[in-house]
Amino acid sequence: MELPNPVLTAAGCGGTGRELAQFFDVARLGAFVTRSITMAPRAGRPTPRMAETPSGLLNAVGLQGPGVEAFLERELPWLAERGARTIVSVGGGTVAEFTALSRRLADAPGITAVEVNLSCPNVEDRGRMFARDGSAAAEVVASVRAAIRYDVPVIAKLSPDVADIVAVARSCVDGGADALAMINTPAGMSIDVDAMRPTLAAGAGGLSGPAVRPLAVRCVWQAHAALPGVPIIGMGGVTTGRDALELILAGACAVAVGTATFHDPYACPRILRELEELLTERGFDRLADAVGLAHRPAGTGPRGRTDLEESSL
Amino acid sequence: MELPNPVLTAAGCGGTGRELAQFFDVARLGAFVTRSITMAPRAGRPTPRMAETPSGLLNAVGLQGPGVEAFLERELPWLAERGARTIVSVGGGTVAEFTALSRRLADAPGITAVEVNLSCPNVEDRGRMFARDGSAAAEVVASVRAAIRYDVPVIAKLSPDVADIVAVARSCVDGGADALAMINTPAGMSIDVDAMRPTLAAGAGGLSGPAVRPLAVRCVWQAHAALPGVPIIGMGGVTTGRDALELILAGACAVAVGTATFHDPYACPRILRELEELLTERGFDRLADAVGLAHRPAGTGPRGRTDLEESSL
Amino acid sequence: MAGSPVQMTGTVLTTRRVDAYHALTVVAPGIADRFRPGHFVTVAAGGRDTSMLTRRALTVHDVKPDYGGTVELVFAVRGAGTAWLAEVKARDTLDLVGPLGRPFPLPRDPCTCVLVGGEYGSASLFALGDALQTRGCRIDFVLGATTAERVFGALRARRMGETTTLTTEDGSLGMRGKVTDVLPGVIADARADVVYACGPMAMLRGVTAVAVEFGIPVQVAVEEHMACGIGVCMTCVVPVIGEDGVTRMLRACVEGPVFRGERVRFDDVGTIPFDALGAPGGRNV
Amino acid sequence: MAGSPVQMTGTVLTTRRVDAYHALTVVAPGIADRFRPGHFVTVAAGGRDTSMLTRRALTVHDVKPDYGGTVELVFAVRGAGTAWLAEVKARDTLDLVGPLGRPFPLPRDPCTCVLVGGEYGSASLFALGDALQTRGCRIDFVLGATTAERVFGALRARRMGETTTLTTEDGSLGMRGKVTDVLPGVIADARADVVYACGPMAMLRGVTAVAVEFGIPVQVAVEEHMACGIGVCMTCVVPVIGEDGVTRMLRACVEGPVFRGERVRFDDVGTIPFDALGAPGGRNV
C-alpha cells in the first residue's frame, strides 16, 4: 500500500468525504478512511450520542450508515472521482456478515485497502467485541482476507480494551492482516450528575481524543516492538504534527486523525504540514527513517543534541 | 468496614501521611490508603518518573518504599496516633510474597483494611500483571484473605487493562475479596519528540487523572451492575465533588483521590465538602441512597426535574 | 462555493449582558458575508491547552457590515464552555467556524408569518424577520420564556412586528403561560400563512401541533448535542420523515437545524423509532 | 508549623522581561513570610478547564515586604506551562503553593562563600547572598550560561559580591567557557570556605568536583521532574548517599532541592544505582 502521505482520516470521523471537501481537497489526504460500512442500512443509537470529558470525547453513534449498496452507489464513486484513495472500513455482527460484506466489496473499483473494525459486538458471543479475543478477531480477518482481492491490503483495527494487545495483533497477522490500525476507542462512560443518569443514551461509549493518546502510543509501541515488520496506522488523540510524530516514533508508519477534525475541519492537512516541518527540522529525508525510531537502544541516537542531553543527566 | 466519610487517598498518592498532615488533619479522611507496601525496601524506577499528558499524568514510580518492617515501625504507628484509619495497600511479585507480607501485617494493630494491588507484575508469568487474569488475581486475593484477620476486609484493586473487568472482579470476589477498588492506572506511554525517546525512563507508565475518569466510571458501572452487593471504592480522575458523585452514582460507595492531590494538597477535604453539598442539594439523607442510583431504569427517577427534562426530549 | 463555511479567528468587538443572556459581537467578515437567517456558528471554547475538545454551536443573532462584517451571538451560560465564553472580553479573539446549517427557507411570495421564539431561540428570528419584511411579508412575533429576564428581544420584536405577544410561565412579563397557549389566537388574528419557530424541543413540538391544526407550514430550528457541527460525526441526529414517507436519522447540523416541523418526529427524539430506516430489528430498506 | 507550606491565590503585581527570562512579582504574604533562600513554590498553569494537571516548580528569586509580602519568580519558557505563565498579566491571579523544599543551610559563623549560578539558577542566589552577608560572610559570584542574555543577575551580583566572574559558552559575556573553568581560581583567590550552587545538573556535578578537590563543603540545589512538589508522589528522586554511607533515592522536593553536593551521585542521576537501598537485585538492607 503506497500512500502519497501518512495522514489519513480516522474511520467514522470524516463523514462521506463530501463534508470535508468543503474545507480542503480530499485527494490531499494520505487516504480517506470511511466510517464502518455495514451490510444493511443502520440507524445507529439514540441521542445524546456524545459527551465531552476532560481532553476526551465519548461517542455512541452505533455505526449509523446507509448500508453497503448505497455506499457503493453514492459514496465510493464520488471519492474516486475526487481522486481520493479510499480505505473502506467494514463492520459486522457475525463472521458471515463480514464475509458477505467483503464479497460485495471485492470487485468494486477504487478501494485502496479494507480496514476491519474489530470493535463491533459479536452477536454470536453475547455482544462481546471481536477485538477482545485473538481467535475471534483472527477469524474475522481471515474471512475478509479470503474475500478481498489479493492486491488490496486488509488492515485489522484493534481495541485497547484487552489485557494483551500484542497477542491480538499477532493473531490478526496470522489470520492474514497485512497491517494493523490502532487504537479504536476504549469503552468509557460519563454520568450527568444533575439528571443522575448516564449522559449518553446508550450508557457507555467510546473514548477518543488526546485523553487516550498515551494508550495509543503504548499500543503502537508494543505492537511495533513485537511485530516490527507489520505496518501500523496509529491513531488516538492526534491533534498536531507533534502528536503524529509521537505515534510515528513509537512505530506507526501512518497516522489517522479523528476527533481533532471535529474541532478543526482543516486538521488533516494542517497536521500533515506540521509533521513535514518537524521531520525536515530533524533532518529526516524519508518518513520511514523516523518510524519506530524511539525504540533504538539508549546511547545510539542519531542526534548529537539528544545524546548530550542524556549524558548530562 | 465503616468509614466516617467516603473520601480516601488513593494508594501511592498520599505519601506517608505526614506530608499531607502539613495541610489538613489526616483523621478527617474517610481513610488513608498507603502506597503499596512491599516485603523488602524498593528503590523504584529511574527518573524521569512522570510525564504530563492531556488531562492526564503518566507515572512510573515502581513502588519505591522502605519495606514492610520500616512501614510497621515508622509509618503505621504515626497514622494510628493521628487517628487516621489506615488501609494498607500491599504489592508483591509472587503469590508467596503476598502471603508473607500479609502474615507480617496480620497482627499489626491499626489496620482498617488491606488493599491488594493486583497491577503488580507477576514475576512467575513473564512480568504480566496479576490483574489481567481472573485466576491469577483470585489466587493472590485468596492468599491475602487467608493470612489477614477475618474482621479486616480485603479489597481487590483492579486494572482497566482487561477485556472483561467483570470477570476479573467476580473471580476476586470468589477468591474472598470483601470489596473492590477500581481503577488502577491503565498502561500508557509518551514520547519526547525532541529527544525522540520515551519521556519516562521506564518507557511505559500508568495513566491517571481526569483523562481516565470515563474508563473508571465505566468499570465501576459494570462491576456494580454485575455484583450489586459488593462494595466498590471508585477512583480515577476525581478532582471535584461532582466527579466523586459521578462515581458514586455509577456504583461506588467510596471514592479515592490520587492525582488531584498533586495539584491541590487540600483536594481530599475539599472534595468531601463539595460532595456533601451536592448530596444535600439533591435531598439525599444518606450517601447509600445515591450509590448506583444512575442504574435505575429510565422513567423511575426520584427527581421531578429530571423526569420533566427527559419527557421533553 | 458561496455557502460553504470557513474557519476564522475573529476579534471580539463588544460584549454585553442582555437580561439573562450574554451577547458578543465578533469581527468575522467571511462568515457575515455568507450569512442567511437560521445559520449558526461553532465557537472554540477554553483557549489554548484547554481540556474542552468540542466547539459550541451558537445561532447567529445578527450580522452587521462594520469592520468588513461582524456577527452577533447571544447565549445563556449552561456548562463550562459557555461559562468561558461569558468571560471573553473586547479585543480577545475567538475561533469560529461558519456559517453552518440549513437556514430558514423564505417564501417566494409575500405572505403573513408568525415568528415564535422560546428563550434565546428568539435570537435567530430578527434577521429572519428582516429578510421576510424585505420580501414584503407581514410578521407577527410570539416570544416566550420561563420568566421575564429570559425573554429575549421583546423590544426589538415590538418595533418590527405587526403584533408582538409575550408569554412567561411565571407571568412576570406578558401573558402567564406558554407560547402555544397564545399562538392559535395570533395565527387566527393575523390569518398567518406560515410559522417559523426556534426554541426548546418541547416548544417546537407544541408549535408544530398548532400549525398542523391550522393546516399551515411550520419551519422549526432544532437543537441537538453536536460534536462537530459540520456533518462528519453523526452525533446530532433527529428522526425526520422524508418525502418518501421513510423516517431517517438526519443530522441537525447539515440537514438542519431548520426542518419542516411536521416532518420531525418530536415524540421520538432521543430514540430510534422502530420504523426508521435501519432501525434495529426494523425493516432494512 | 512556621515552615509549613500554604496554598494561596496571589495577585500578579508586575511582569517583566529580563534578557532571556520572564519575571513575575506576585502578592503572597503567607509564602513571603515563611521564605528562606533556596525555597521554591509550585504554580498552577493553564487556568480553569486546562488540560495541564501538574504544577510547575519555580525557585523564589526574591521576597519583598510590599503589600504584606510578595514573591518574585524568574523563569525561562520551556513547554506549555511556562509559555502560559509568560502571558500572565499584572492584576491576573496565580495559584501558588509554598514555600517548599529544604532551603540552603547557612554557616553558623562568618566565612567566605562562593555562589555559583547557571542560567536561571542564579535567581536563587541573591536572597542567599543577602542572608550570608547579614551573617557577616564574604560572598563571591560566579555566574554562567550558554550566551550573554541567558546570564541572570550579573548587575546585581556585581553590586553584592566581593568579586563577580561571568562565563558564557560563546564568549558573548565574561570569559568564554563554563563556570567550572573559572571556579578554581575564584575559590583560591577568595580562600573560600564553602560553595553554593544552583543550575543544570551537569554544572552542579562539575562544581561539586571542584569543591571536593579543594576539600570545602558544597551545597547544591538540584532540579528533577516534579509532579507534586510536596513529597507525596515520589517522582522527583535523586540518588543521595546518607550519613550511614547508604545510597537512597531521596525526593528533591522535600529532602532537597538543596543537598550537600558530595552526597549526590551525579553520575547516577536518571538511574537506580545497583547499590542503592532497595535496588533491583541489589542488597536489601
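Order as written gives the chain letters A, B, C and D; numbering starts at 1 within each chain.
Here, a residue touches a chain if its C-beta (ideal position, glycine included) is under 8 Å from a C-beta of that chain, and two chains touch if they have at least 3 such contacts.
Just so it is clear, the model here is predicted, and its values are computed rather than measured.
Trainee: Select the chain at the greatest separation from subunit C, using centres from the mean of Cα atoms.
Mentor: Of all the other chains, the one whose centre lies farthest from subunit C is D.
Trainee: Using the average of all C-alpha atoms in each chain as its centre, how far is it in Å between subunit A and subunit C?
Mentor: Those two chain centres are 35 Å apart.
Trainee: Using Cα averages as centroids, what's the distance between subunit A and subunit D in whole Å?
Mentor: 45
Trainee: How big is the gap, in whole Å, between where the Cα atoms of subunit C centre and where those of subunit D centre?
Mentor: From the centre of subunit C to the centre of subunit D is 57 Å.
Trainee: Residues touching two or more other chains, restricted to subunit B: which are they?
Mentor: If we look for residues of subunit B contacting two or more partner chains, we find 54-56, 209-210, 310.
Trainee: Which subunit D residues sit where two or more other chains touch them?
Mentor: As it turns out, subunit D has residues touching two or more other chains at 51-52, 269-270.
Trainee: What is the shape of the graph in which nodes denote protein chains and edges denote touching chain pairs (line, ring, star, complete, other)?
Mentor: Topology of touching chains reads as complete, every chain touching all others.
Trainee: Touching residues of subunit B toward subunit C in the complex: what are they?
Mentor: 54-55, 210, 310, 312-313
Trainee: Under the touch definition given earlier, write down the residues of subunit A that touch subunit C in their complex.
Mentor: Residue list for subunit A touching subunit C: 12-15, 19-20, 22-23, 35, 40-52, 54-57, 59, 61, 64-67, 201, 209-210, 259, 261-266.
Trainee: Under the touch definition given earlier, write down the residues of subunit A that touch subunit B in their complex.
Mentor: Checking each residue of subunit A against subunit B gives 53-56, 58, 128, 132-133, 160-164, 186-191, 193-198, 203-204, 207, 209-215, 217-218, 221, 237, 242, 245-246, 249-250, 278, 282, 290, 293-294, 298, 301, 303, 305-306, 309-310.
Trainee: What part of subunit C is in contact with subunit B in the complex they form?
Mentor: Subunit C reaches subunit B through residues 51, 200-202, 269-270.
Trainee: Quick one: which bits of subunit D touch subunit B in the complex? Just the residue numbers, please.
Mentor: It is residues 1, 4-5, 7, 44, 51-55, 97, 224-238, 248-249, 254, 269-272, 276-280, 282, 284-285 of subunit D that touch subunit B.
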